[in-house]
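If you scroll down you'll find the structure; I have some questions about it.
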């Protein structure tokens, strides 16, 4: 590691400056969520507010706060959005990982007719944006009675995430030394057992990496959700953000507060699995 | 690639179905993916394909009528569509390349910082956690001409109101949405390249140290070449995603003013939903998706080629 | 083989879990409705209503209705106006309507007529029940000789201006020096333009004489109301676009001249409603036309720097002697798919009765019953703020004389979508007013022809 121990002062400085630039909008978002609205939309700017408070958060969580007058999105059903978002994101991540891994296993472990064709078709599905799918999906889902439900979202997001998962995972499964699973089989393990005992643990980092991407994609998806969800039974955070700029409502602070709340689960999730992420991406890129 | 060497079902099957699974198993494994993909992507695409040959509108009463290629002809005559398509290509090219270069440089710089890598990585990933909708709202506000952050900073610097209409002026509007896009997605590149750099065996770098190579030489001759697969994969994924750009632009400028920042999907959305011309919107989706598919196909060919060279 | 079987089983179970999850959810809902069916005589009225802010206060009175009639009312959808519009359009197109009563709007309902989504209401309401609503508003809900929507409350825009500028001696003196005229609140659009251009020369940097919302329907609508005031028409009798005549050119030229002279914020073409309101409360604008609906927000010193520093006036008049008055009303409709149309009408009657309209009026809405108006104007006199009374009286005057909705035709929004980018191009100086409007008219005509209005 002596290479890395050398001083790279320049690199360090660059890194910190860049990080700061990337952080400014985040910090500004947090700061704005605590300022009164009158200090947010103003010129000259109020850089250092003396009236900071957590009212916008309290209002979101349903605690009583002093009424600020007409024009504020105090009645935003934060709890419903949170439940819908977390169920849709976790549910679709779970299914995408299972289904995608099975597909990846097929791609990386077998050679069969049409393999590249199917692989490519799956990837191409990623090129189709949600808007192009949204209205036909609404018609279909309505017929199946899953429009405006969380399961409907889960199905849509699962499909959205399967291709990328399959792709990343195929890199991982391909990386597993064949000798290992063969050795396991010689030891008397069935093919299935070797899959479970040898291969699954080795693909952990891959699952983590794919999991992060799937979770974030579903958590932040807007185009499909904006069409197939309509009520608090299924509306997610990105759709709910628009509650703050409806007719005669302009609550920028409230919107920032909800944005911050929306980031928290994503951050927790990313921190939890990020160590595996780098490893996961390494393998996913080289193989697959 | 690892494929042909797995021997399945060494013992002859007692069950007819599974004795043939040598050929079937891979398809069986693929079945769930294919089913769910058909359900959510295939069916809607077929549906809008059929619709694109009709005069279906969101408010028409009675069933849609078949109109042949009329919608496609209308499209090719529409100068806004052509320009939006070109603009989307430009947008994609500039954004992907800027994100690539920035991502590479930042990843390289970050790789030299040993302590606190985990924290740094989490921080750099923050923009990735933002919903595109949210980035749109944030940057629309940051670049607001009256009370936005940027103009307010300029106000403090110059001591008098500096009103730059970031989202309006040519070419500022386009640059502004690019900045938001680059801010949001460079971290994806950084993370992937960082993973790639970490995978370079340190012996190679140490050997080059002995040879007296400069930092720049090492970067060009060792880091970049070993990153090639990562670069392709990251560029491929980003190109696909940017070709779909909608959320961010729709909120920041809505494609306006006067179509100045119109991208393909903001235009399709307005045609299909606001103007209620769902059939025309479908035709437009089809053309665009077709182009995206060709592009993807090309990218994947490249990717496979690079991998073969590596192996 | 066992192992292969296991893989197969794993795959199947994944699918099954996914399926089961779906069924469970759908099943759960069915169970719910099955539970309701136990009482067969129970009539359930489902509604898609506007949600948010103070709109929902009205729905709190619904239990009273349920108690009185024995029906059950379920609000199955709540969203803002544009969300409901999108939902109604997609539902009518996809045949997925599962509600009896829907929110409606004077600018939107013609689309729903075209989609055969709503029904005429005159058979469900007596003349007497309707006569209390302001006639001009009620008429805005008629089309093809039928009444389609029952109004709930309306809005119309009026001129907002800063008293600390218009009544300020310093400004008055400077304005006189620069223009040779007295600084007065404009009564016509010509005066409006002149005043704005003059004011801009004396306002401190960073302040603007005026502004308009600058995109989407907001822009087309503003253009439309000036067009009408100047004696123009958007469509002629045969539904041919007529907005490119002299009146339209004059209106578009005014917008462009104001923008090019710097009398409007340069970001104007990206503003929608909340942005113009934001600029106003930030104190950056001297005068502009705005909806009454924001009043309490503007008067709240916690969110507005102009609280107590502004006054309102009737919308300016154009060459045709007509006051601008882009207006619209929130209303209720009954869906064609409803199985309980009579009961649905009862619910609408309840929601728009005197008590409920009074309740909504107290929240700041401009309601449509004349009897309620009398009462609230009396009450406002007690409040001590003369602007409160002035606002109500002005709103009532405008509602009975200036109330003009956009053309009642399903193609209004598609037309707007064609016209507004071209208006933006005119404002930004990319296109000449006449040439631009001619181009827009050509495109609108082609669209109308395609929609079957003429051969």
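Every chain is named by a letter (A, B and C) in the order it is written, and numbering of its residues begins at 1.
Rule of thumb we're sticking to: contacts are C-beta pairs under 8 Å (C-beta built on N, C-alpha and C of every residue); 3 or more make two chains touch, one makes a residue touch a chain.
Since this is a predicted model, take the numbers as computed values, not measurements.
Distance from the centre of chain B peaks at C, each centre being the average of the chain's Cα atoms. Looking at B-C alongside A-B, one finds more C-beta pairs in contact between the chains of A-B. In terms of their C-alpha centroids, the spacing between chain B and chain C amounts to 36 Å. Computed from the mean C-alpha positions, the centre of chain A lies at a distance of 15 Å from the centre of chain B.
Looking at chain B, residues 8-9, 25, 29, 32, 36, 146-147, 155, 161, 278 sit in touch with two or more other chains.
Counting partners per residue, chain C has 1, 3-4, 7, 11, 14, 18, 86, 90, 206, 278, 282, 284 as the residues that reach two or more other chains. For chain A, the set of residues that touch two or more other chains comprises 41-43, 95, 98-99, 102, 135, 139, 155, 158, 191, 252. Chain A meets chain B in the complex at residues 1-5, 8, 11-12, 14-15, 18-19, 22-23, 25-26, 28-29, 40-45, 47, 95, 98-100, 102-103, 105-112, 115, 118, 120, 122-133, 135-137, 139-140, 155-156, 158-160, 162-164, 166, 174, 178, 191, 216, 219-223, 237-238, 241, 252, 255, 259, 262-263, 266-267, 270-271, 274-275, 277-282, 284-287. Residues of chain B that touch chain A in their complex: 1-6, 8-9, 23, 25-27, 29-30, 32-34, 36-37, 39-41, 43-45, 47-48, 51, 105-106, 108-114, 118, 120-134, 137-139, 141-142, 146-147, 149, 151-153, 155-156, 161, 183, 186-187, 191-192, 194-196, 198-199, 202, 205-206, 209, 229-230, 233-234, 237, 240, 243-244, 246-247, 265, 268-269, 272, 278, 282, 285, 289, 292-293, 295-297, 300, 307, 310.
Looking at the complex, you find that chain C touches chain B at residues 1, 3-5, 7-8, 11, 14-15, 18, 86, 89-90, 92-93, 111-112, 114-116, 205-206, 214-216, 265-270, 275, 278-279, 282, 284, 410, 413-414, 417-418, 421-422, 424-425, 427-428, 430, 450.
Put simply, chain B touches chain C in their complex at residues 8-9, 11, 13, 15, 18-19, 21, 25, 28-29, 31-32, 35-36, 55, 58-61, 140, 144-147, 155, 160-161, 163-169, 253-254, 256-259, 270, 273-278. Residue ranges of chain C in contact with chain A, taken from their complex: 1-4, 6-7, 10-11, 14, 17-18, 21-22, 25-26, 29, 51-54, 56, 76-81, 83, 86-87, 90, 94, 96, 206, 273-274, 277-278, 281-282, 284, 291, 293-297, 300, 302-305, 364.
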